[in-house]
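Below, subunit A partners subunit B and then partners subunit C, in two separate complexes.
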Partner chain A sequence: MKIRAAAAATCVVLALAGAARADTADGDALIGRDWDAIVETARGGEVNFFLWGGSDTINRYVSDYLGGVLAEEYDITLNRVGLTDTVEAVNIVNGEVEAGVTDAGSVDLVWINGENFRTMRQGDLAWCGYTATLPNDALVDWSNPAVANDFGVPVDGCEVPWNRAQFAFAHDSATLPEPPRDMGALLDWIRANPGQFTYPAPPDFNGSVFVRHVFYHVAGGADRLLGPFDQALYDEIAPQVWTLLNDLEPSLWREGRTYPTAITQLDQMFANGEVAFTFNYDPAQFGLAVDAGIYPDSVRSYGLTDGTIGNTNYTLIPVNSPNKAAALVLQNLILSAEAQLEKARPEVWGATPGIEISRAAPGIREAFADLPSHPSVVPYDELAAAALPELQAEWIAAIEAGWIENVGR
Partner chain B sequence: MRAARPWLLLLPALVVLGGLFLGGIAMAVARSLGITPTSGLSGFTLDAYRAVLSDQDIGLSLALSLWIAGASTALSALLAVPAALALRRVARGPVTFLFQLNLTIPHLVGAIGILYLFSQSGSFARLAHAFGAIERPGEFPALVHDPAAIGILLTYVWKELPFLGLVVLAQLQSLDRDFEAVARSLGASAWQRFRHVTLPMIAPGLVAASALVFAFTFGAYEVPALLGQNHPQALPVLAWRAFTDVDLDARPEAMALSVLIALVSAGLLWLYLRAFRAAPR
Partner chain C sequence: MSRLPGPFLALLLVALLLPLVPLATWSVAHGWRFPDLLPRDWSLDAWAYALSPTAGVLRGLGLTAAIAGAATAGSLVIGLPAGRALGLYRFRGRAAVEILVLAPVLTPGIAAVFGLHALFLPLGLTNTVAGVALAHLIPVLPYTILVLSGVFAGYDTRAEYQARSLGASPFQVLRHVTWPAIRPGVIVAALFAFLVSWSQYLLTLVIGGGRVQTLPLQLFAFAGAGRADVTGAIAVVYVLPGILVLVLTSRRLTGRSAALAGFGR
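== the complex of A and B ==
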């Protein structure tokens, strides 16, 4: 039975993998090999890239730009597989490995970070230790702790940075010209303007980040909360946070009796003028929504003077990927200064580079400096001036569970 | 040879049903008990069921799911019978087409439509504002993401009413109308004819179809996920949340919840069908 199931699964995967020329499931044989030899091995193959598919602009960048370069220069076919949530790809890899498919998985590359990365490490589902093999790895500043740690978990050569992101708030300057600029002022504003603010219920990604900002506010900054989960410290701070948030409820949308279940719902309510603020970990989304006619042109975004939380997101090769050589070529392309520049153009994506621009060639550096900015998107440099670190995944899980237990019900 | 024929014809369907449906349920049961297909029986545990049943939200979620499934089935059936009786008289044409049309629209699309119409910044709220009935979106009554699950019920009634109506209509059209004529000639009032002649004859189809509606609305995820509150959440939404929890250890709980949903649903259907079979005609 076991063999038959594995054989059946293998047939399915082989059918999916189609014309893959060379099976490069044995990744360790690639580590440290000459780059040109790896490219030659990958040539003519394909790579299945699983990533959140909710943005047309991002999808176009991946399919057309990255897929185009791969096809032209390396004769590699890129299959973009859209997800509503990265955890779906984690579930696929986990299910395959549990079923004994250890070298013929269907996922070759995932866009990932944070809790999902921790889950991949927890289940030994990530291929590790290869990053120095990529020529463009030289553009990555691994000495920056915000890059070398993914939500407090050491990267350990298990993934490669793609973008940096930092949380920002959006408001309509036509109806609210002077928004509150720090967390204390925001809380006062909410109390003074009942019914016009809410946040998505954790475990929604962005709602969870908002609650962490309140956590930092109550704790008097992020410094005490960094490092491994500390139950005593959590027990000291969490009750104050829940009290604050519960006391805030009468001033929230629908008196806090219910919360939006996803950031898309908050975005929709903001677009319709039901609430005065929305927020996002990827401020480029505000500009895209304005260009799409969903938000008015008068929408502006900003960070808090006491800081907003920033992170890095990555691409990761699952341990059972059969096309590791092609995945490496794609990762190296993603890391290239040219691809990072293309991705940074506001009309393409407007994403903040994951590489260190000062290490790129002079021409690229100038092109980055000349990029036009979108009036609705707060410039990254301005945000980065007051950046807060992310917490470790155990902290985040505890805060989400605590919110659901004490505020959400 | 002749005896084997029906089995041969059934075989493809049985392979799909047995292999995928029963296989899927068997996998879910196994994983809910901590058994993964490749690691054998070593991990057998009831922890997932204990965790799920000791969660104080499970009762609320069960109540919500029962309310959603019960109310939407009852409302749809209540409205479908008179609609079918009327349709039998006005005859086919555009009205029947309208009834059939929405069978082709997915639930998700219907739910989005309800959201656009009934949310506090939706079409009806805008109309109310245009007529000066409300000043701000918040003054419009909460009809989606609301405690009584009105938005979810609206979606299901909109979707299931035509389904039940068409089933009842099909049954009505196959009936011999002489029975009703006889009852009328014997002096039965319209209500008496309906209660003692028509209803018993359409009851089997109505009961079977409404059982389908109940089972579907009890186990469906997408509409309550889109139009529900963040708390309490319908059982299938709870199961989905556990399945997409970042902690791999929550996967068995998702499976346990799914198994419980299937058990409760099957148990209720059995009781329902038994009650109707036993009922005096």
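== the complex of A and C ==
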């Protein structure tokens, strides 16, 4: 009797769990299908979008703008799940797939790039090969290697671009009107102004990219470092970089005895005037920080004349997403010229579009051209004039490990 | 059973409320940088965001309270009999049981949480509020059982026999003898349980799969991003209920804390 009751209860639970899945977990059934049919399948469903949740303006854009359009035009409910670190979403998907949950995962879409994308690719955690199914895929310039490769890992139809970003430095023009404009001059400035510069310890995302800029500087440019990891080349350049960075330590904040552990710590020190520079892979963050009152209005940002590293960030559908149709509709919306325009407005986010503006409708192109720029955010075109490619993930991992071994300790 | 002395209570309240002052100030500050003593400007933007439906902070407040309430109730249901047994009786293997009860406090949560996730997944408990509340029992129970066994260690069961011999029904004994004697300790145990559940981050994140957005999750997202203004606003929303509960129950707390009695004899 007891056993039968338990069995019945189990059946009910399983049935309920089954009913909760508006099953479009089978991605292959969607690939290449008529777009209107996919939209109809997605209608009335939900999509769980996992992304870094530390900006009120970005949260508003996602929940209110994207969520609003999804609800109004497609009757799809957008659940924005705020993360402290994207790796949390990767761990969730990984844990689910390892436990055999292959069609009822909790993540339908995740904002991602770089190391996290590599993890998902290597673990076969990303759904791939669907991007051409999206009508707005036509706006993406896949012939651009900076779009077709995510930190050197081929995208292979496993993710869709959201924003372009390029590394930039920020300074307070009220206290430092003329900052050093290239890496050599910056290093000289640091030596001449001890205690006023530092960088977050790798593997912090932004600290790590700063160290790569020094690597490029020592290597005499990025060209030699591109392509697969080359141990001999690494062994030639890395010791010079570690010597340079170790010799720089007496001129760093707290004489280099310690480093900030995260970019937010450097941002805080910059806000309080403890250091003269901060930097970020997404210069739009400087404008948002000024608007939030974190930085003074006099903060300005710039790239280096010898170039700064650029990347693209993406949205990805995990292989075990149960709502792939709704995730596709959301991705298509994200790629639309209208949504990219809204996101580019300085008061909304100020993000550089991931699509090719020249392929958008004439009205949208004009609207993009007419966008006001934030005085604290270096215009993307200005940055893009001296853009450096990102290294492949194996290079990045080697440099991070080398820094920790030779400089950090 | 005396109340806390007035000056001590006042001091306690000041100590509890003082950390709130910078948080509250941050939540209305616009531009508060070293070496300014006060913010340059004031703004309600952080509050406007925190209280907006987009942020989901108010939803998170209700959710956090519901989960903490459920975890508290569950921990009392398990903790009362367990505490009574551990507090009153000597039995073979009691030391082993005590260590087992304390194990969740002794082992770091991160060591267990992913295994727990794998355990909960096939049961359909991940990504659910019920699953998160159930998972919260793990860090909550040691505190509840520890406090309650301390309560029962100082409890004389002969009072129950006496009431029974005078003709009281088991329910009357429970209501008029047992409950009044253990009530302050049960309140302390419930407070502990509520606050331990209230502050869970990792368990909620992993078992809830990010879908169960309690206040600590929302708080960490902004604290991790260096947004002191929004963090301040959410933190005030987060801290106030705890202080409120403490103030409301402080009337019932006694000077001799039952929590300090440990596992008893």
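Methods note: the second predicted complex is superposed on the first by the 387 of 409 C-alpha atoms of A that agree within 3 Å, B and C clash if a C-alpha of one lies under 4 Å from a C-alpha of the other, contacts with A are read in each partner's own complex, and residues count from 1 in each chain.
Quick note on the criterion: a contact is a pair of C-beta atoms (placed from the backbone, for glycine too) under 8 Å apart; a residue touches a chain by one contact, two chains touch by 3 or more.
Computed from a predicted structure; not experimentally measured.
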| item | value |
| --- | --- |
| Superposed partners subunit B and subunit C on subunit A - clash or fit | clash |
| Which of subunit B and subunit C A:48 touches, first, second, both or neither | second |
| Subunit B versus subunit C as contact partner of A:85, first or second or both or neither | both |
| Which superposed partner A:274 touches (first subunit B, second subunit C, both, neither) | both |
| First, second, both or neither for A:244, with subunit B first and subunit C second | neither |
| Touched partner set for A:254, first subunit B, second subunit C, both or neither | first |
| Contacts of A:99 with subunit B and subunit C, given as first, second, both or neither | both |
| Against subunit C, colliding segment of subunit B, chosen among 91-99, 181-189 or 235-243 | 91-99 |
| Subunit C-contacting residues of subunit A that also contact subunit B | 85, 88, 91, 98-100, 265, 272-274 |
| Interfacial residue positions of subunit B with respect to subunit A in the complex | 36-38, 57, 119-121, 136-138, 142, 145-147, 225, 228-232, 241, 243-248, 251 |
| Contacting residues of subunit A [partner subunit C, same complex] | 13-14, 17, 48, 50, 52-56, 59-60, 63-64, 79, 81-85, 88-89, 91-92, 95-96, 98-101, 106-107, 262, 264-265, 267-268, 271-274, 292-294, 296 |
| Residues of subunit A defined as touching subunit B within the complex | 2, 5, 85, 87-88, 91, 94, 98-100, 114-116, 118-119, 122-123, 195, 201, 203, 253-254, 257-261, 265, 269, 272-274, 393, 397, 404, 408-409 |
| For the subunit C and subunit A complex, residues of the former touching the latter | 29-34, 39-41, 43, 45-46, 49, 52, 54-55, 114, 117-118, 121-122, 124, 126-127, 205-206, 209-211, 213, 217-218, 220-222, 224-230 |
